[in-house]
């Protein structure tokens, strides 16, 4: 564990996300729908923060605010010491220091995988196409993705597509990676392998990860900290530091400590799930 | 056969019928004689009477194919499928499938969906209405009898589909990854819910999944399948006490032991399909179906 | 690893198999493979009942036509041109009514119609695609421009005939305008819908990756809308032919629609059918061309759908 | 939920305001454009010959009490309904048969596809020759226009039914007729509705042209007073030959409104017979 950390320590101390009593109200501020209610949260640099909550609870609203897709009604979000959004600036500017990996994937289907991967640096004019391609090839090879550079995303499996998308994000050398339930559509076995691959990537690049999920097992397996959210409006219910040793592999899910952690959090999550479930029933 | 149907229909309101399904040396090839491709390779297993058998394997390994064979939507290339010792050849209501994504008829309300099967078999009137209400009540959808499927949440759709299958009293219920695509939390609730349904009915179920936790939580017997082409790797008996609760199973040592065993086999299988291009199996079958579907257009 | 061997085998299979013709060209190189696959499909097709039933269908249609008009001379059918009369006229070196494969006039009419459709189609494409993309992409543009289009759209193109004749003094002007109008609406509308069909997350991803507004237009809006744009173009060329005929009938001096109508007034009935069939063929060919261009430009899509071999 | 529901209305009002601005501007330009010649003596191209909207409105106002004008509406609607109705009645069973019977499909569909590229209006002379009355030939061409669209949509809809729907119906013991009646038909309904609304548009297009060609070519009708024999297409053509340019525009707008009403009716009907398509 220690060696992995040391190697990357130089890059580790950037990319803190601090959310300070964020509020998001849809519609009229007085009587609108409160999606996020005074939510405060800090994601330490170079760590994986897992945000767990039932679907529709407003986690994605939070992510959208960080990424700059949506505005906040009040509150502030900081990246390191820079204010992304806050008083006087309700909406952050989207930028390549915070890159989102979407729930259903957003590789451009009309571009080959390598064209997708070089999209960021080429668009920003940071790299010429040729240099970008060289770099992309190296990065894809590191991630075990050689040989599919010139395929279209539609030709590879959805698991591989997510890995390409993460490489596309990393090409921009972002401070933060924002993942919005990226593995939801995958079956649980593929998911388990995807998790190991993501962890490996994170060890290598040591970037801050903000990962939304409603799968508790996924959260504990991947996370350095797990934040459990209440269902609508979204607030932090419980914050749990995960002390499982790194590097982790999938055998850890059957370890005693892992199960203790599951046990500790299960009730909190279950309670919120029930709430959301009933809410859904009533609406239907 | 006719006799059996009549008795089952007669005993509608009692405990469900239950049968035993045997798969003997079944293989399935797709493609042409020039390019044959084995999807299911010489599988033999028994879905035991009144037990919940769970089949688990990586996605794209051909599990859905075997479901189609069991329901006789397709015929095996070699081997036979036997229900209570008799060979099955046609789709029938003694083997009903609950599909991966909801196959509720979107143009019918919950109630109409549920009574579709019995009505098609000529049953009607107040006894049917009562049975339907009973089943809908059992899955907790009484208030949603008049809702169309797209007005129901994902979890409710799955329950409506369970109800639609249950009212037909199938000898075998086949569930093909019924909770896939639900979010993890709803899924947990649905699993507990389904386990309860099964425990109350004690009919024969075959449940197909890729989720190890789901499998161990639900199963009486666990069939672990290998990657494309589908083969039976191992059968594990799960003798956790019933009724089960999710929280108990997660913390139980016995379940954990089982999980470790199963994971070691499955992880290896998953890794195989993780290699770039694991879509091949799906891809192949999909394009096959596109091509050889009856009336495939030019 | 055993799985590697399996993968290899499968890959090879994929390349050769009936399922994946486009992959063959990328991974196993060569037209040979493609030709082989095509031949294989062709043989399969010949072995199926499809070609024979198809021919049967044609025979039934033409047979019915022939029998009812020329053999049984059913009431009302008797006055119609029969198939042998049409074919005889069409292949004759000295056609009774003036139009056949051997008369230059025949080709002048085809070329005139083609030219009109071509001009109208190019105009509608050049104006319609950018307009559609812009009103699809920019909310402001849509809110200002779209209502005006929606006001005009329900008016059938052919209701414009008299106004078109008044507005364009030349003889070509009205016909081209009438041909242009429905094609333009179809192209614009579909381009707009195409932009709407693009998943929001593609725009967001591009924002994240630092693309400028113009780059988003160039790399997301244009390729993302392409499938719809081409659907629009196919509809548009169909509509162009549709209203061209009416335009030529009412206001033209040459062209296939004109041929059909004047043949009627001049009682040269076989020529009507010649005109109709020619129209059908030319129309079909032109939309096939559009379709092929679309398939060529959207290689990623065919592959994604896994339909390449078909 | 309440505020979320408000959101689209708020946006809606801005969009409405912009729509009104845009349409008003367009009308103003039209007015100026067509009157420019009167004011300066230099008539603008294209727009210069078009009568200004104010005069069109005036003429329209005067026509509101005119029997012939409403007669044209009535006749056109009658033709549209006739042709369209026939196309539905024949097209839906034909399309279903194509989709469900393989042999029939393989026999008839190529022929259908060969005939389809011939534009309906190219059939005008043949139709006039064949049918004993002009009314029937117009009806035939109208029918043809909608028929192709409806058949194509029915075939497409019925052939893309999710196989699982049929499989589970079979497994539950449904007879062939039940499967058709309760599964195939309702799942094709959305495409039938789409086909119908597109077909309705084509029908109006064809009716107008057919009225112009067959009616306009003949000598029936009564000069400027609006067509007594011929429907809205004929009304336009008559106004043109009679030199009443304002009436041309009135006719065009009337047809636009009529077409819009018909397709709204189809949509409303679609919502009624396929209530499950409405989201919650």
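The first chain written gets the first letter, and so on, giving A, B, C and D; residue counts start at 1 in each chain.
Just so we're on the same page, contacts are C-beta pairs under 8 Å (C-beta built on N, C-alpha and C of every residue); 3 or more make two chains touch, one makes a residue touch a chain.
Source: prediction; values computed, not measured.
Participant: Under the document's definition of touching, what chains do chain A and chain D have as common neighbours?
Facilitator: Both-contact set = B, C.
Participant: Among the chain pairs here, which one is joined by the most contacts?
Facilitator: C-D
Participant: Quick one: most central chain, C-alpha centroids?
Facilitator: C
Participant: Calculate how many whole Å lie between the centre of chain B and the centre of chain D, each centre taken as the average of the chain's C-alpha atoms.
Facilitator: From the centre of chain B to the centre of chain D is 47 Å.
Participant: Give, as an integer number of Å, the spacing between the C-alpha centres of chain C and chain B.
Facilitator: For chain B versus chain C, the centre distance works out to 45 Å.
Participant: Approximately how many whole Å separate the CA-defined centres of chain A and chain B?
Facilitator: Taking the average C-alpha coordinate of chain A and of chain B, the gap between them is 33 Å.
Participant: Can you work out the whole-Å distance between the CA centroids of chain C and chain D?
Facilitator: So the centroids are 21 Å from each other.
Participant: I need the residues of chain B touching at least two other chains; which ones are they?
Facilitator: Counting only residues that touch two or more other chains, chain B contributes 151, 277.
Participant: Mind pulling the chain D residues that touch 2 or more other chains?
Facilitator: 280
Participant: Give the list of chain B residues in touch with chain D in this complex.
Facilitator: Those residues of chain B that touch chain D are 71, 73, 91-93, 95-97, 99, 103, 105-108, 116-117, 120-121, 148-151, 168, 294-295, 297.
Participant: How about chain C: which of its residues touch chain D in the complex?
Facilitator: Touch list, chain C to chain D: 49-50, 53-54, 56-58, 60-61, 76-77, 79-80, 140, 143-148, 151-152, 154-163, 165-168, 182, 238, 241-246, 249-250, 256-257, 260-261, 263-264, 269, 272-273, 275-277, 279-281, 283-284, 287.
Participant: Mind listing the chain C positions that touch chain A in their complex?
Facilitator: Against chain A, chain C makes touches at 23, 26, 199, 201-202, 204-212, 215, 219-220, 223-224, 226, 298-301, 303-305.
Participant: Within the complex, which stretch of chain D touches chain B?
Facilitator: 99, 102, 105, 159, 162, 164-165, 167-175, 178, 182-183, 186-187, 189, 274-277, 279-280
Participant: Once bound in the complex, which stretches of chain B touch chain A?
Facilitator: Checking each residue of chain B against chain A gives 58-59, 144, 147, 151-153, 155-156, 177, 180-181, 183-186, 188-189, 210-214, 247, 250-251, 256, 259-260, 263, 266-267, 269-271, 273-274, 276-279, 282.
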